[in-house]
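Chain nomenclature is as follows: A, B, C and D, assigned in order of appearance, with residue numbering initiated at 1 for each chain independently.
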């Protein structure tokens, strides 16, 4: 299958539904190891994303993704705004020109997105961030030939769960290591909803 | 009987014991209808009173009473400091010259004390203050011929209980009237301890 | 009780020490007292200005000691008026022959202790005048005052009488302007949570999770009404209207506004409230000359606020704008 | 959640409105933004100073906008960094050709959003420099920063870089002095109670009735240790010593001290703490040049405090003492 403009729009509509439904849950994940605003931030941002993209006419997928990125960038704030904004901006740039997305382009684009995030946030795998969901999803996609919704969902879910076990490494003080263990990273959880929504679009598209 | 210097000293030692033992109770009385410091104030003051008078040699009762008054005045603060200070100061002035106190002098002195308090605080009977204990005690004494500890205690106790029923009258807003009903006035309660201590001194002296 | 203290019975002494250490050049503690005075006191040819009262209302009153405001603040125990001997010490330390002016909040305890000090000082030949501040419109007579209580409006009395005294005015002139402030200032407060007197160790009253108390005093004395918590706009409207009902305002009148936090209400909330207070005054054609938002007269860690309006004439404006070096009211 | 607000999702907008109303002559809100700027901005021939960050730390940062301190403060949602487009607006509104300087607290969100704004501004030809404040000695890396967090010490950067910019210094000179403040300032905090983000509606963490948390951040992020509540003297000792361990002090060094309340801790307690902080510094022969006690960098209604020490050289002293008309730091 190829992802069309309408699929991309649906992807973010479904993401928004999940984020809104889990707003309090995401915030509660951010309370023990952060500052307790992640659900509020994501809900504010994705609501605006849907407001924006559902009232526009798009010629190609890159334009949708660019609007998603810019909206997240200017409405979310915090760490997650620039991080998710950068992810979708890089994806948008990578798939520029294509009016629909085949599996290969998408996978390549998502890899660019992860690279962009790493550069922006100076973080990498194993530091208990959303990268620990995005990066395993990219790895899985690179091992595949075509979209398989169930597998994407499963990979993202497992990766999200795994962030529970991750403890802060280099540079992070020991008391902190212990405290962060046992908690899912909030950005990893919202990333899971993003990929779960994608999986549902794919399944529907199949 | 006549109250000697040692009796007056014992009066305030016993008062202090009762105040210290009931410090929290007195404070709790001041919380619903005041600012929650009466027990703290009285405990601070009477502790100092005992410190003062138990280390001095006194020739006559007026001097003891004056030290009690001045100590309360300079250690209690709030409304109760000047009020109780004034009471004992007036009593001291009224009994000046006598090296022991007979019933008549004492009664007369206590009446002066109540008058002094009324003048100082611009309050009178029926306004839910310590006056509503002191004034009935004076009235009772005036109807008697000699010290009767049990009757003094009973009169003071009843008067203290009665402050529960008193509601703010002239000038006090209606919401306030209701709120103050059902609560014993804190200054009335500490006054009861003062007269209960006196009663015990008398009983011991009989 | 969760407090950053050492000994609950020693908080006032410890606090005074920390205050002097924070402002060693501008203030001093009078030996063996709980009085904070301007380091240069007594000041020749100047009426001395003394205020004070129970502690727990910081920055009131020691924070208002400084050039252009108070010359001394006498601290009592928490929520307990200081004693006459302490107030007398302050009066004696300030008098430079021009007399001493007392700013008293209208609580029985404060009035009694300050008045006794006044009598004692007068007996020693010192000229003393006073004003009793009673800006709280919430209650006509409260359980332990006769007449209205004195709350945040007192700070305007400090500022304006302080500026007048600083200008070299006589005791009578200082009293006249202080009386004028008292006549023109009104306040009303509300609370969301109680506070805990350190030596008592438990909260002074209880409020349910969805309750607020309107018209509360600054020691947690009862107010007008306990009801469901309302929005900032509703609270601003209720407090401002009560104040406006009590004093005559005409279109074009100038006022100073004080939105005062009682202790634990964040500045964010005070500013949200302030926005509605201004809206109401604008609607009525009342002109806001100056606004003060912050903690000026607190009640330990109580959550809540008060709104104060002061009607200004030309002299009051000049005095309000005059220089002040008091740490809690730099101007 | 007991708060004096209207809509929990609208607190920042409402607050900004109330702030401008309180200071209509000195500040303005940039249209369609959550930026408060000096009313006369942009100021010719002056480096523009921009700070900001999540809301909930009032008076930081809008209270520090005024002559001699910041030219603009960009407010994000509660505890959430403002977005790059907002920061860019502030940069553009301030630039008078001499460049704009950004003061950023070291949180991933703030750093990312301000850096992106810087990139965008530079792309439009504006000279931008920045400093990232990381004064909190409690944690080396926290759950959402790389490196130390920025807390109350930031206020000293605003004051000193602000005074430098006001003096007509170049962008490079402002950066040099800001870097020097960051190098010489250290802080550490503790909390007794949590705080509640309005839109979240429940406290960010729990502390038992007899527990405190040492080394907490200004958003309720975890600290070093949770333990039984200690006395003011013990708390002062722990915080001050941690700060002193981290930076080299010699006998006779001059420092500025800030004892900062996190929201609901009464001033009384801050002064009690201050007294012990001074005692410790005196013992070590460190000279306290100036002390600031009050709420400078808060965390909504959290109870707790932080202690900040800034090692001063001659220029820093002059700049610290320079005039400031910022409402929350009048000098």
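Convention: contacts are C-beta pairs under 8 Å (C-beta built on N, C-alpha and C of every residue); 3 or more make two chains touch, one makes a residue touch a chain.
Remember, predicted model here, so these are calculated numbers, not experimental data.
S.K.: Please strip out chain C, keep the others put, and tell me the connected groups that result.
M.R.: So the groups, chain C excluded, read A, D | B.
S.K.: In this assembly, which chains make contact with chain A and also with chain B?
M.R.: Common neighbours, chain A/chain B: none found.
S.K.: In whole angstrom, what separates the CA-based centres of chain A and chain D?
M.R.: 32
S.K.: What whole-Å value do you get for the distance between chain A and chain C if each is reduced to the mean of its CA atoms?
M.R.: 54
S.K.: Roughly how far is chain C from chain D, going centre to centre by Cα mean, in whole Å?
M.R.: Inter-chain centre distance comes to 29 Å.
S.K.: If you look at chain D, which of its residues touch at least two other chains?
M.R.: none
S.K.: Sort the chain contact graph into one of these: line, ring, star, complete or other.
M.R.: Topology of the interface graph: linear, an open chain of contacts.
S.K.: With touch defined as at the top, which chains are paired up in contact here?
M.R.: All chain pairs meeting the touch criterion are A-D, B-C, C-D.
S.K.: Looking at the complex, which residues from chain D come into contact with chain A?
M.R.: 9, 54, 76-86, 107-109, 112-113, 116, 139-144, 146, 197, 199-200, 204-205, 217, 219-222, 224-225
S.K.: Can you list the chain D residues touching chain C in their complex?
M.R.: Result: residues 2-6, 11, 14-19, 21-23, 55-56, 58-59, 63, 192-193, 209, 212, 229, 231-233, 235, 259, 263-275, 278, 288, 291-293, 295, 298, 300-301, 303-305, 330-331 of chain D touch chain C.
S.K.: Help me check something: in the complex, which residues belonging to chain B touch chain C?
M.R.: Per the touch definition, chain B meets chain C at residues 27, 31-37, 39-41, 44, 73-83, 120-123, 128, 168, 171-173, 175-176, 179-180.
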